[in-house]
Each structure stands twice: as structure tokens, then as C-alpha cells.
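As written, the chains take the letters A, B, C and D, and residue 1 is the first residue of each chain.
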Amino acid sequence: MTDTLAGTTPQFVDFQLSETLTAFQAGCREFAESELAPHAAAWERNHEFPEEAIQKAARLGYLRITTPVEYGGTALGNLASCIMLEELNAACPAAGVTISVHNSLCCSLLANWGTEEQKRTYFPKLVSGEWLGAYCLSEAGSGSDAAALVCRARDDGDAWVLDGPKLWITTGSEAGLFLVFARTGEDRVKGISAFLVERGDPGVGIGKKERKLGLTASPTVEILLENVRIPKDRLLGEVGRGFNVALDTLDGGRLGIASQALGIARAAHDLIRDHLRTQVDAKGRSTAHQSAQWELADLAADIDACRLLTWRAAVLRDSKLPCGAKASMAKLKCSQLANRAARAAVSILGESGLAGPAEKLMRDARITEIYEGATDIQRLVIAREVLGG
Amino acid sequence: MHNLTLGDELSMVQDTVRKLVQDVIEPAALEHDEHRRFHAGAFEALAETGLFGAAVAEDDGGAGLGLLSLVVACEELGRACGSSGRLFATQAGTAALSLAGLASAAEVLESVLTGEKLCAFVGPEHGVCAEVDGSGAKLSGFARYVTGAAEAGVVVVAASLGDGPVLCVVEPAAAEIAPQDQGLGFRASGPASVTLDGAAAQILASGDEAHAAIARAALATDVGAAALAAGSAFASVDLGRRHAGERIAFGKPLARQQAVGHKLVEGMRRAEAARQLVYQAARVADGGGDAARLAALARLTAVDAAVHAADESIQVHGGFGYTVEYHVERHYRDAKTLEVLDGGACAARDVLASSLGSGA
Amino acid sequence: MHNLTLGDELSMVQDTVRKLVQDVIEPAALEHDEHRRFHAGAFEALAETGLFGAAVAEDDGGAGLGLLSLVVACEELGRACGSSGRLFATQAGTAALSLAGLASAAEVLESVLTGEKLCAFVGPEHGVCAEVDGSGAKLSGFARYVTGAAEAGVVVVAASLGDGPVLCVVEPAAAEIAPQDQGLGFRASGPASVTLDGAAAQILASGDEAHAAIARAALATDVGAAALAAGSAFASVDLGRRHAGERIAFGKPLARQQAVGHKLVEGMRRAEAARQLVYQAARVADGGGDAARLAALARLTAVDAAVHAADESIQVHGGFGYTVEYHVERHYRDAKTLEVLDGGACAARDVLASSLGSGA
Amino acid sequence: MTDTLAGTTPQFVDFQLSETLTAFQAGCREFAESELAPHAAAWERNHEFPEEAIQKAARLGYLRITTPVEYGGTALGNLASCIMLEELNAACPAAGVTISVHNSLCCSLLANWGTEEQKRTYFPKLVSGEWLGAYCLSEAGSGSDAAALVCRARDDGDAWVLDGPKLWITTGSEAGLFLVFARTGEDRVKGISAFLVERGDPGVGIGKKERKLGLTASPTVEILLENVRIPKDRLLGEVGRGFNVALDTLDGGRLGIASQALGIARAAHDLIRDHLRTQVDAKGRSTAHQSAQWELADLAADIDACRLLTWRAAVLRDSKLPCGAKASMAKLKCSQLANRAARAAVSILGESGLAGPAEKLMRDARITEIYEGATDIQRLVIAREVLGG
């Protein structure tokens, strides 16, 4: 599992995963079914972060999948990451998003933009799971329109001083390292820079915790930055390049959420399938409603189609080919599918779907159309590519 | 615009409910829902208005305002608080109208109309079986997610006795009632499972009389649910419109993005269609016609509208929509719950399909 | 069931149209459509009934039965023949109601109401420009797929003169009219493109008066289209139901496949929602209210319903549905055409979005 | 192009077509754009069978793509066939379905079930395009429920005598060879046998021609069989195995229609794209409605997803792996997409869409959800596979 899959041997030949990836997939599924699935409902009910499970995931290498081998990572690449995230999210989307953010938003940015010293400092903590990563871009006034952010970073000689709250920070209350985007100039885009902020830096605080429809075991919090004074070498990339740093996460983040959505859709499909399998007559013939069977068939087809879309974008990214619009296609279709599938599960399971795994899937699924670029943003990306504008 | 067709009495019903919503129900809706706490204050306040009898004939102790009054009240409640609305629809609609006119139910009916007792209703879709037991009956069966059952003072059950229907009343103590506090929606309505294991019951009606009573209940249930859902759909559109008007992204209000405007228009279109259907169903029923088909169509339309409008409103809200403070996530959960309750949309379509040809 | 709410006069309108449909229009609908031949017989027969003036006030030479009469007639026509229906809706709705009340239009109006002249209407969405020319105007612009234009005796044009609207009338000879006989739908309605290249026109109204006339036309156009589409949707459901009841597959009638039943129910649900919306729009307008929003919602709902119902009915018919003899393919084409005409659904949504907040 | 692609070297590696297939695709597109697209509207308007174009296609080898090399075929396999059919159908669905039926229903059955003598007799005529093939299964009383057929084949000593009309026969009026399914026994399924009937056999007649919503350049006719006496060696396969013969066409036929639908969807997408590209302001920025751009984006994503579904099933079939449910997924999703895309083109092009290529696409698309197994039949196949029933 420590060999680098990306860009060397084919990962996907004639619609079959390579043997290595097939084995990796089985391992992820086993972990998800034994360590996540049995507890996910309780974590959700108690709004409890699955810390121990995340540590177990770290020991299996799931927190180092996008990190280069020289910094302790496995560098398995994007396809492997998508495979892993589908499995984890089918069992527990809260754990899934924690790991996705850690890998695709935090570790991959450090790998791509960090200095050698920054990498030597932070990767050991990140790959081991000692520290989790968080990504602090959004603010109260800037969601889809990320460049509208107002959090300030003031150059104070030997230090940067960061000031202004960040909103909707996934894993914010549990993270050790924060990638913070702040304004170092007035230009809407070129006035943004990226910084590495530690949980222990004076002035860093945890603000309001969001009360959410779902994903309640994944804390989403406000990160308060009140005159946080950090050394100059905590700048990630160059001054004014923060927006480029942020853009660099887009494809990976979208593939992560596409895979999360795929996991949720598959879990909903499996719930429906298992429910309908119990409906048989004395001769073993299915007595399931045709309408429910048709819905199941539609979902099965869509899940396969969405998985192929997702894996295609991941393989392109592994091959260092442009994949922006294709990652958006995956995110767009998977997130819509997750919601449809989860709603269908509630409908088909009926009153027993109102209090059980189906309704949790429905609540968890809803965020996949919102974060990492809302649905209309994905459409914008795709339309631009198609229209060549 | 709609008030053009409401008379004075219905306008009074609307005003009364609006005031109650504003003063008592809406301010507490989020909190009760979030903590899955029964919204007793709403029920009591509704009882005080006397509206539990609005749709019941004057001869039976009601105000005689017909199903239209149920529609008017439920639409208002549905805008603000699904849980209170569902409780109201069960009490003033399903329960009151099934009981009204049954000689042996006069006492129960009075306790329902005054709100002295909260009435839970176990519909025929749960398949409860009755056996004659002396002058009463014993009931056996199981029903999930029964509105108000956790707080019920009385439980009315539509059961079957041999080949025929019976309408029975059970004391809550005779049933095993287990609150379901981990459910999707209507979290402040006291949902509970009801297990009847030979529970002693009084038979209120049997044969044709029970058949008619259960049909009245079904009609009122569908009309109430449709009106609640229509109200919810309008509320989701309104919340989305307000947010889109205020929220600036890419230098202009969200509302000026064509895609956002079209989402809201589509929500409004569906909500309006649902409203017209449920009003027509109520008008036909109040005029003495058979409105079962129209009510079922209204419910399907309204519930779809409500789920869709909430879903799109969440999307318009972006991340805010995923948090409880913006209310749309609650509409999303309540609307979907309404799709599943009372037998569910699939069974409703089956019934409509089997009667295709009687309508249009 | 719906007749409960129709008075004697509207019932007479309905009976008249039904008889005409049965005797003259339906038997010839397929043939005219297939050969893309103008359905002159239908137009003449409709003229003879005097119904072109049904919705026009008595003072203006009509029967004063309001928009409801247009709805009743169009729903019946929409069930049988979109082309005749569209011609009727243009003549009795769009044209007649825009002209009614305009002093200078009395003569044109009379020829429209009697059917002496078939009137084509070029709506404001085509952006025709007017220039003053002596006592009249010159018109320049281009409009595609104008209903009846190939056979028109008179063309009414909503144009703009500077900043303001004008309503004009043009002799067909002054325009360049090119029949469009390769189009998707309404193939028997004489669709044609109309090129106005400085065409001499008479101004019938300008300023506020033109604004009001064009608004009346728009309302009537939407109401007529909605009623046609609702009728078409019901017809598609009926055709599908009949086929599904007769066709045996896998040992039982198709109708007994749950998926088939649900398709038909969904069609009926949408058709019924559309019908209730268009009736409400007409009632509000006839009561003096502003019904533009409801009419636009009704049209969107009805056209979606009609396209959807025809699509599903084709599917229920299987291979038969792809052939002309089973009529549903014609409903599919006509319904989709109605979505595009008169500015189209997207523009309607834009208008509704910009006025969000005025409704509900 | 005469080498056999199927089952030897990988056709699809890391989401890229092999070089051979990429070149083949380009050739198909060139043919479609030069020989089909310019004439398709006129053929449609005049209800004119594109005979000359089909002959040109034959010369390029498009009528021998599923035929084994030893009988003059190119045996390029299913993936190549899907690629070809997408291109041809994007230009002219009438030509596309003619070629699809010829290859996947007629030639592939002859290859799989014919005797050596039958193959030597008929393949020369079929691969050259001298004879086109037609497939005669449907009757007035049997569509989706094919086993309900009543056409009789009577054993008359030295001959079979076939009697009873066949309905909805694609290319029926133009074909030289008919695969006819007829009843040789009472058993619903085991009483069916398959026969090779020639156009010139006495008693074979062309009945009613269907008047259709679309695909008017592809004649769909009734084939009259009135005491058609044919030699005993015209039996295809064994007596009573006719239903198995018919089943053998399912996957190939479905992939053919999936590819047809994909071609139609792509054509609709391209119409919308080209229309929106004309809508730019003075600075070259798109002024296209957001709603139209979003629709275009959704279609682009769905077309890619559907193509991957289709190609996956084709590759499985090329590898002789079970692909029934996966071919159904492709047929189900592609045919629905074709209709949605074509309707969207009419809506977005507005009044100019009412008389032009958009409305033709809408009419042509509609049949793809009906023939080769209607949508609900595909759902049935998928649901059975998922439920394991």
C-alpha cells in the first residue's frame, strides 16, 4: 500500500480496477463496516465526534493517502482516495468528510504549496493523525463567492497578525492545523493570502458551533481569529497567491464530496434493496411493489454512472490532466443522486424509514449539494468549459 | 388575492390562527423541534380558540364552517410549525370529523372539540384487528409514528372486525405507547408507536356507519395534510425569497441570479397548484360532493410541492439552509414526513389508479 | 364533478363545443394534422357557433360570459385537436379581448367575432417596431410560427412606438407571410412567419390604452393556452387509460401493472392541478382581480402537464404510441409547441421571478 | 480495421480509448458529417430511405462490424459498434437504426446460431450491403411480451410453411433477409423457432407501412407471411429454441439503441451549445440565460455518464462477460437522456426550434424509449439482477 499508484501503471483497464485497488477497496470496506457502521447512529444522535475511529483510520493510512511518500504519505492518488471515501461514507459521512477535508483540503495543499520546512514540520503530525487539518476559507459574507472574504492579515514586521472570524469550518473544533485565507491587500482576488495557523496560537478560538440538519458528528464551527500573531514563515505560498492556493483544492475537494455522495447513495440503495428482499411470497418470488423495484433499478443505474464519472475525473487528475469540468460533473451528479436516493429510501421504507438509517441518510445527504461548491457553481464550471468562455 | 373567495367567517378563522401563530407558535417552533419536545403551548392555545370544532357541523357541537375552515387554518399553521399543524389537523380534522355524528361518540367528541383531551388517531392503514369482547372489543395491532400519541388523552382506532370496519376508542393506558423521539419530522408533535395487544376498546361505530366515519377521517386527513404542505411550500418559498433578496454574492443579490429566481418561481407554482387543488377538494366536499379523489390529488401535489420547495430553498440558502436557524431544514423534514404518514404516497397512487375512470 | 361549479350558460358553451368536437373536429383532426393542412372546417364551424364572442362583454358585441367561457371551450378543444383549439384561443381570446373596448377597433372586432376574418396575432415578444406614418404607422419586424397567419384575413400586432406600446392592425397583403409547414405542432392551424418590412398599419390603441389591450391579450393567451393544455393532458391520460385497459401483456391488462397505473395517476394529478389553476385564474379575472400571475402559473403547469402526460401515454401505448393513429404523438407535439409559443416558458418564469413578492 | 479488437488488447485504459478506436471514431464521424448530416432532414421530410448512404456505409465496412472475419466481417466488436452508432445517429437516426438492426439483430444472430452453410450463403450478401437484414419478432398482440406471438410455422415434410403477419419491422420494406420467429409448438416459450426467410420467397409481402412520429426515413412495415414455404434448412438454430435465439440479441440490440440515443442526445447538446455560443456581448462574454447554460451543463454531465455506462457494457460483452443488467442500464439512461436533451433543445431554441433540427431530434428520440425493450422492461431486468431474484 505504500507504492505510488498514480501515473505509473494503469489503474483502470477495460472497466476493471487494478488488483491493488480492488484489494485496497476491500480493506476500506471492511474497516467501514466494522469500525464505523455500528457506531454511526450513536455518534450522530449524541453529536459526538468519532475521534477514536479517526485514529484507527490514521493507523490504516487513510489520513496520508494524498501525501507524498517522502513525507510519510502513501500517495495512492485520487482514484484510491475516491474508492476509500465511497466506502467510508457509505458507513459514516461524518467520519468521511473529516478524512476528506484532512486529505484533500489540508494535506494536499501543504504538499503543493508548502516550503520544505513547513512540510517537515507539519506532515509528521498530519499523517499520523496527531493533528487533524481544517480549511478556513468561508466567512459569514462569503460562501460561493469566496473572494468576498474580509478576514485581515496585517504585516507586522516579524509576524503576520490575523483578525476576523471564519465560518462553517469542518472539523474546526478538533483540528490542530488550520489553513486560513486572509486579506493582505484590497484587490478582490490578488489581495488574498494563505496561512498556516496552529490550534495553540494565541488568539485562536472556537466560536459558535452550527446546529445542523445532519452530519451532526462532524463539528462545523466558527473559528475566531483575534489578533493572532504568527511567524512570517507561516505564510503558505506567496503573498497575494491565496486565491490560487484555494483554487488548487477545488478538484480534489469536489472529488472527495462526489465520493461521499456516492457512498451515501449506495447506502440508500442498499437499504432499499435489503428492504425489498424481505418482500417475497411463499415461492420466493418478489412481492415488492413495482414502483419500488423501478426506483431501485433507476438508482442502481445512476450509481454506476456516477461512479464512472467520478473515477474518470480522478484518473485524469492522477495523470495530471485537466479535470476541472469533469470533477464538477462528478460532484454535480453524485450530490443530486445522493439526495434522491436517500429520499427514495425514506419513501420506500415508509413509516419505518422515519426513524432509522434512511432518515439519517436523507439529512446527511443534503449538505453534499452545498459544500465544496454548490450545485449551481458546478454547472457554471461545466457550462464555461462547454461554451469555451 | 385568495381572500377574495373567503367569506367573513373563514377570514376570522384565518386571522385567529395568524395571530396565534405570530404570538405563540412561531416563536417557539424552532426550539421545540430542535429539542424534540412536545409543543404543549401550541396545543393549548389552539384549544382555547375553539377551532377544534370549526369544521364540525353545528348539530354536533361545532361551528359548521366546513372543511374549508380546516384548509384555512392548516395552511397558516403549515407555514410556521408543522408539528402544531399536524396536531391541529388530527384533532380538528381526522378525529373530530370521524367522531361527529356518531351517537355513541358524543362524549369523546366533546373532549376532542374542547381540547380537554388530545386525540391520537390510528388509521386503517395500520391494519389493527378487533375482536368482540362483551359489549366492547379487544384490539390487536401495531402503529408507528402516530401523531400526538405520546401525549394523547384518548386514542381513536380504525380497525377491522372480521370483514367489516369498526371505529373504536381506547384509553391510552390500555395501549403500549412508546415515544419515537428520534424521527425525521414533526418532532414537537409527540409521535409515538402504539402497540395494541388485546387492548380493551369501546366500539363507536361498525358496519356502514364505521365505513362512513373512516371515510370522513381519511378525507379530513388528506385535506389537512395537503393544506399543511401547501402552507409549508409557501413558507419555504418566502424564506428563500427573503434570503435571496438580502444575500449578496458576486456583487448582487442572489435573487438576481436567473437560476435562483426560477427555483423560487417553480416552488411558488407548485405551492399555488396545491392550494387550488385543496381548496377545490374542500369546496366540493362542503357542497356535498365526493372529494376523496381531489383530496388525494391535492395531498400528493402539496407534499411534493413542500418537499421540493424546501429542498430548493435550502439550496438558495446555501450553507445557512443546512442550519436550524433558517427554518427551511425543518420544513424539509416535516414535508417528507407528511409524504410517508397515513399510508404513504405510493398507496395513495394505488388507490387512485384502481379508481381511474371515475374521475376527470 | 367539475360541472358542479359551471352555471347554465357555461354548461351550454361546453355542450356546444363538445358536440362540434364530436361531429366536425375530432373526426378530421388526425388527417389535417398529418397532411399539415389548415383545418378550415373547424374554424368555420366554430365561427357558426358564435363562440368567438363568448368571452367578450355584451357592450362590445359579445356574450359576456367571461374568461371562464374561454377556459371551458378551450379545455374541450384541447382534448381533441390542438390546432383548432389554438385557432379558437387566438380568435376568441387573444384577438377578441385585446380589441374589445377599443373605439377604433369596432369594425375589426366585428369581423373577428363573426369569424368573417381569421385573425392572427403578433405578440409583443416579437419586438415589432412601429413608426408614425401619416395617420397610421409603419411596422418592421419578424415573427415566427404565428398561429393562423397563413390563412389570416387580418393581423393584429402588438408593437412598440418609441418607449410605449401600440396595438396595430395590418392587412395580410401588407406583410410577407410564409407558411411554416414543417413545424412541430399545430400543423393544421396555418402557422406562418410574418415579416413586416415597413408594412402600413392602422393604430388601434396607444399609450395606456394599448398597454391595457396588450395585457388583456396576454392574459387571454395564457388562459387559453393553459386550458388547451389541460384538456390535452386529460386526453392523453384518457387515451392511455383506454389502451392500458384493453391491451394484454404477460397475461393481464397493462393497466394492472402498478407502474402503468402510477404513470396515468401522475398525468391525471398534473392535469387536475392545471385545471384548478386555470379556473381560478379565470374566476379571479372575471371577478375584476389581477390574474396575470395565476394565469402564467396555470400555463406553466398545464403545458408541463400536457407534455408529461403525452410522453407517458406514448410510453403506455408502446410502439402504438409512436404511430399517428393513436393520437398521443400529436398531443406530444402540440403540447411542446405550446411551451415555446408566445415568448416561451423561460420568459414567463423571468417575469414571475421579477414579480416575486407580489403574489401568495 | 480488419483486426479483431474484442478480447485481445485492452480497448479502454484509464478512461482513454485505444488509438485504433480513436481513429475509427474519427472516421465514423467524418462519414456521418459528410454523407448523412447534409441529407437527413430531406430524407425525413420525404419519408425517403437513405439507400445510397447505406451502400456507402457498407463500402466503409459499417455493415460487417459484428460479423466474424472468416465470413468477411471485421469483427470489431461491441465497443467499436457503440462508437460507430453514436456517430451515425448524431447525424441521422434513420440510417443509424438501419445499420444497428442489420448488425446486431441480423448478422450477429446468423453468426451465433447459423449453420456453416447458412453463413456461407447469406454473409456475402449481408456484409456487402447487397441485402439488408430485418428482424421479425413483434406482432400486433406481442410487443414487450414477445412470447405471446402467434405466427405459425407448420412442418410440411420437406418444408416449413410460415403463416401470420409480423408488425413493426424496421427496414422491412428494404430488407433481403428476414429473421422470422414463429410458433412450432404450443408451449409459450419452447414452442417458438427461428427461420431465415428471403424477400423473394413466395408469399412474403409488405403490408401496412406505419405512419410515425419520427424516424420517417426508416420504414417500419408489416411483413405479411402467407403460406410461405421454405426449405427445411432455413431453420435457424434448433426447433423450439427460437426464444433463446431472440434473447441472444437483447444485449447487442440494447447497446445499439443506447448508442443511438447517445448520438441523438449529443446532437441536441451540440445544437444548444452552438445556439448559446452565438449569444455574446460586445466583449465576447456569454449573455446566454443562466437557465439554458445550466441545462447545457446538466446535459454535458449526463451524456458523459451515459456514454461510460454504454461503453462499460460493450467492453464486458466484448470480454464475453455477463452484461445483461449493465446493457439495460445503458439503454434505460441513454434513451431517457435523448428525450430530455431533444426536448431541451426545442425549449431553448424557442420558436426557431419548432421547425428545424431540434424538433426532428425530439420526434426521433421518442422511439428510443420504446423499441428494443421499453423503459420499464429495462428496469425489470435491472431490478431482478439487484434483488437477485
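The rule is simple: a residue touches a chain if its C-beta (ideal position, glycine included) is under 8 Å from a C-beta of that chain, and two chains touch if they have at least 3 such contacts.
Model, not experiment: these values are computed from the prediction.
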Relative to subunit C, chain with the most remote C-alpha centre: A
A-C compared against C-D, more contacting pairs: C-D
Rounded Å distance, subunit C centre to subunit D centre (Cα mean): 38
Centroid distance [mean C-alpha coordinates] between subunit D and subunit B, Å: 51
Residues of subunit A engaged with two or more neighbouring chains: 289, 291, 294, 376, 379
Residues of subunit B engaged with two or more neighbouring chains: 257-259, 262, 349
Subunit C-facing residues of subunit D, complex: 45, 138, 141, 143-145, 148, 167-168, 210-214, 289, 291-292, 339, 343, 346-348, 350-355, 359, 362-363, 366-367, 369-371, 374-376, 379
Subunit B partner contacts - residues on subunit C that touch it in the complex: 1, 4-5, 234, 237-238, 241, 255, 258, 261-262, 264-266, 268-269, 271-274, 276-277, 279-280, 283-284, 287, 289-290, 294, 297, 300-301, 349-350, 352-354, 356-357, 359-360
Residue ranges of subunit C touching subunit D (in the complex, touch as defined): 34, 144-145, 180, 182-185, 248-250, 257, 259, 307, 311, 314-315, 318-319, 321-325, 329, 332-333, 336-337, 339-341, 344-346, 349
Residues of subunit A touching subunit C in the complex: 289-291, 294
Residues on subunit B engaged by subunit D in the complex (per definition of touch): 257-259, 262
